[in-house]
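Chain naming follows the written order as A, B, C and D, and within any one chain the residues start at number 1.
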Amino acid sequence: MERKASRVTGGTATVVEIGGIRIGHDPFPVIAGPCAVESEEQMLASAHAVADAGAAILRAGAYKPSTTPYGFRGLGRDGVKLLAAAGAEVGLPVLTQVLEAKDAEETVDQVDALEIGSGSMQDFELLRVVGRLGKPVLLRRGASATLDEWLWAAEYLLAEGNENVVLVERGVRSFGGGGSDMLDITAVPHLKELTHLPVIVDPSHAAGDAIRVQPLALAAQGVGADGVIVEVHSSPSTAKTVGPQLDADSFILLMASLGIHRLRGDIDQVDHQIVRLLARRQNLALEIGRVKANRGLPIYMPDREAELMVMIEKEAERTGIDPGHVRALFQLVLSESRRQQQIMRAAEEA
Amino acid sequence: MERKASRVTGGTATVVEIGGIRIGHDPFPVIAGPCAVESEEQMLASAHAVADAGAAILRAGAYKPSTTPYGFRGLGRDGVKLLAAAGAEVGLPVLTQVLEAKDAEETVDQVDALEIGSGSMQDFELLRVVGRLGKPVLLRRGASATLDEWLWAAEYLLAEGNENVVLVERGVRSFGGGGSDMLDITAVPHLKELTHLPVIVDPSHAAGDAIRVQPLALAAQGVGADGVIVEVHSSPSTAKTVGPQLDADSFILLMASLGIHRLRGDIDQVDHQIVRLLARRQNLALEIGRVKANRGLPIYMPDREAELMVMIEKEAERTGIDPGHVRALFQLVLSESRRQQQIMRAAEEA
Amino acid sequence: MERKASRVTGGTATVVEIGGIRIGHDPFPVIAGPCAVESEEQMLASAHAVADAGAAILRAGAYKPSTTPYGFRGLGRDGVKLLAAAGAEVGLPVLTQVLEAKDAEETVDQVDALEIGSGSMQDFELLRVVGRLGKPVLLRRGASATLDEWLWAAEYLLAEGNENVVLVERGVRSFGGGGSDMLDITAVPHLKELTHLPVIVDPSHAAGDAIRVQPLALAAQGVGADGVIVEVHSSPSTAKTVGPQLDADSFILLMASLGIHRLRGDIDQVDHQIVRLLARRQNLALEIGRVKANRGLPIYMPDREAELMVMIEKEAERTGIDPGHVRALFQLVLSESRRQQQIMRAAEEA
Amino acid sequence: MERKASRVTGGTATVVEIGGIRIGHDPFPVIAGPCAVESEEQMLASAHAVADAGAAILRAGAYKPSTTPYGFRGLGRDGVKLLAAAGAEVGLPVLTQVLEAKDAEETVDQVDALEIGSGSMQDFELLRVVGRLGKPVLLRRGASATLDEWLWAAEYLLAEGNENVVLVERGVRSFGGGGSDMLDITAVPHLKELTHLPVIVDPSHAAGDAIRVQPLALAAQGVGADGVIVEVHSSPSTAKTVGPQLDADSFILLMASLGIHRLRGDIDQVDHQIVRLLARRQNLALEIGRVKANRGLPIYMPDREAELMVMIEKEAERTGIDPGHVRALFQLVLSESRRQQQIMRAAEEA
């Protein structure tokens, strides 16, 4: 049987839009927020923290699954309202996990997407109801689900006519993993072959500790995931739930390491990178200079420089900046490079 | 008991030198070569392929473990000679896997490092013998070894006085993984906390197919591994062993995606990056320009530019290029940026 | 925190009564029936098959979880009615699995117990609702649930005041198991230490094929489980669901191997066993006879026989049959035994 | 390719003879002894304990794999001598585990079988050497070996001409198992389908604690394994190795629960069973009596009794005891049965 979730050869990948954010298209959107909505103050503080650092979507839990019957079960409806209000205040779309069909029905109008948790991946009635609601859905993998079982669960949503499904890898049960479920990073390229649906990674649970969230998020970016979900709390040490959550500062560092910055920080960052690249270029040029010296070649090689200029101007045109401006810049760069090589030759001959 | 493999708070990480390559220090060395030495021709062709693309160390198997008693068991001693000769020809250090104490003893003088395979991780006699030989050792994780069992196996090597141990994560047995063992990417940050030994990743086995080697290698780079091992064969379709091996072209693409290039390619790459960053800078500046226009702010903001120049010169000094040269460059950049903003304002006012 | 599911030192084990059958007390009750109710005819035929062979409780599925959205989902309410009618006809209590709270509510008055499936083990809302309904519950282990998570799920039921909980081990996800989940037989003794709740085993899923159901059921009996669930279908080859189901004849063989028989068959079986034991006793006596002959001891040893008679009469009193009758019987047995020994001595002397 | 280890349809199962004990033929032989040979005194005490309780083969470790380089590695050659001497003293064949080819070569003449441990299952050189030595081999499953990998390892032994291979299931790595590897009981029926080699179970490691050895051994017997290996130590609390070992008394209880007794104990046991069966027969007869009473049938039904006698005499002939003797016995039994039914009727009519 042909499944709707299957990737068709030559077919296009699905882009899921959540409040203007396009999962599967935008460069590595980060979904962030606290594990649970605990209070208006905590929700707002956490929302500002993630928005300021460049998160694309705000996420927090109002209906919480609890392993024990005596644990915190979330603020429910009231939690959803606080989440929606916080999203409005910081200008981010919002999403939240639903456990039961009735949660989904009472929540759907207040959020930009719904999330189905790991423990509900095969709650087929919930899948059917959420499929019919039509809102974008994040579908987490069950802790021991095979990729095939996961894609069948997605098929339940697609079969109801809902094509806006994002798969979330969050780790699978294993003897390893240092006490946590083990992040199945290999699932990402496998899914890219099997399905047209976007795939994101939630590293928090598998990380076991906040300190490991950043390397795992970078692994997810490296492996080609379409984004990550990160749990961020304005005050992790006082949180009502036990999983690892980043504080605001750690989240900023994570975002920086992922190459995501807000405007002002961005331009500073880019300038830093330009300078570092110029330095690297100079070292490479000096190294080539040494080779030229050994072989008795001249420092100035007009053909090579001309060739370089052609290449650079083409790249400038391609990326949309003024070729003349870039040419001027690189003439400066090349002239400095020749000057450094002369200094070097002189030093070696001395 | 204090273990020699344990990371001591504030202690330094171990750097393992293999033929001049410093694992744990050099930026992401790539160890590459064919799964098995099959012939002089195949070995040389594969060696040239990996050396040309920038591999740091050449690796190939001469003693092959075979699940079946009727399978290919490698060329043994002769294979080691062919590997050593190929390494000498392309100028790369070499390493190979040993299965038995006698393999290690007859091989040790011809290679720069020895490797202990997944199936031998708890071959305690082999560990003791290899520990005593003193050559650097790559120690693969057993398919169902916990991190603790793995570090105990490393301890066998260290207990014999050999501190040059590199840990190799290659996937663990799981219900998932699409038929292969599942790469345990989380093991890398865990090990960085537990031990001072460097950790590299071999994605080939867990990948299951050559097409998934690149994303997994990038995940390894993202998560903070100290390098990767990649199987590269001059003609994978005719290989005598069955695991996924990259061909020369795929390996070049992999190396490029990892940001590894040879000198001449490097400088072109850096120049491309500079141009792309300049383009990105310009777009950011135009976006800020729009904000300034909306708020009625002037295009030229001398304080901001002065502040920027101070920052840039500091970075130039830090990275060792001439601050005057960089200042000149950025004056060009800023002047172009102002020009673009004026064009934009004019266009919007029109 | 003290959990209600925990075994208290010196405390008694819970006995769960389902329609007169006492799980945790009766000798190895077998719960049996078809995977799914498919039709009145199939349900009745299957019910007769399991009842005739000595099953204690009739079980069949009306609400079926299906991995795929395009699969058979059971007859629902109508299925429950057919199950209840079949149970009434063959005189067995009945139970069925519920997927949603509303299934439980509409089913509870027609069955003697409810079952919560593997995929719903952490459907906390369902657990709460079923807990409140007060009917005995069979709680299956999730495919990747630890014993602790499973007992927390049971705690949800107990926390609502329902103490009639039976745990059902059905296999866990693993790299092994020949493509099925792997039966965790060790869970049984572990649970006997951890909880006062009865534990039964469902071998069908882990068996993978009907041929392996019998050995696994015997393993469950050996390990000390309180019973088993077995899927039995009047015509397995035409079943609407795909898991392994026994046919009527295989179920009779299984029941015989478990030592479970109906009255008439039972007495024949017991007589067979008595005869086999008499034969075994005779062989042992002959062997002892040989030893006696070698040592020159007499065949008739009055002290030993007297001692034996005392022991036998004690056992007769303990088990409630007439000691004089048993004494008469064993005098016959001993006299035959002496006769056989004499024949043997004569043969050897000849 | 046809493998030598594969079961051929209609082919016979292999029986492996170890010092007169036929694994795959004798009724559930138990291999027992201490985890490690520690001293002459401990070895002898343990050997007497297992021999007295009815063990078939004595086993103890002289070459011990140790997870840590700082642990106890066994007495080596001297340990083998102590084991062999203890076996001679108590009259049992002996076997021991070998880690290296040289261990096997120096041990082979002193033992009746060699054992290859879990960690060496894929030590292909060791397999080849042990295969060539020709002694019976116990081959343990690797902690993460699939059945296929295990059978390929066995194939290494068979390919060298050694057909006396016994497979030992000892648990596989899993998220469950309460901290130990999880006993894969389902492997036994799978292997019975796949191979003609006998399969035994070692429950000690998977048990995690001595208290769980007995239920797992009974599960192994139930599932159809050809025997078990049990670790028994004369003084477990002072043992030099850490795994669970039974003491002498627990081992006697285990053997009794497995139905294994020495001659004298045996005959007592059989007599107990006969008495219990007579009691059970009487209860069944009374129950049938009630049915007859309800239907107004007479207590004495000559046709039924005649039919029963024919059946019993046939069984007597089949099992080799005198039919006249058995007929006399059952006439006593039936007459007592009628007497009891009359007492019951009288009581009910009163």
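The definition used in the following text is that contacts are C-beta pairs under 8 Å (C-beta built on N, C-alpha and C of every residue); 3 or more make two chains touch, one makes a residue touch a chain.
The structure presented is a predicted model; accordingly, all values stated were derived computationally and were not measured.
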Chain pair, B-C or B-D, that carries the greater number of C-beta contacts: B-D
Chain pair among A-D, A-B or A-C whose interface repeats that of C-D, sharing over half of the contact pairs by residue number: A-B
Whole-Å gap separating chain B and chain C, where each centre is the average of the chain's CA atoms: 56
Between chain B and chain A, distance of the C-alpha-averaged centres to the nearest whole Å: 22
Interchain centroid distance [CA atoms averaged], chain B/chain D, Å: 52
Touching two or more other chains - residues of chain D: 144, 172-175
Topology of the chain contact graph, where touching chains are joined (line, ring, star, complete, other): complete
Touching residues (chain side chain C, partner chain B) in the complex: 173-175
Chain D residues touching chain B - in the complex, by the definition given at the top: 1, 65-70, 99-100, 119-120, 122-125, 127-128, 142-144, 149, 152, 155-156, 159, 172-173
Complex contacts: residues of chain A adjacent to chain B: 144, 146-147, 172, 174-178, 180, 182-190, 193, 206-208, 211-212, 215-216, 218-224, 263-264, 266-268, 270-285, 287-288, 291, 308, 311-312, 315-316, 319-322, 325-326, 328-330, 332-333, 336, 340
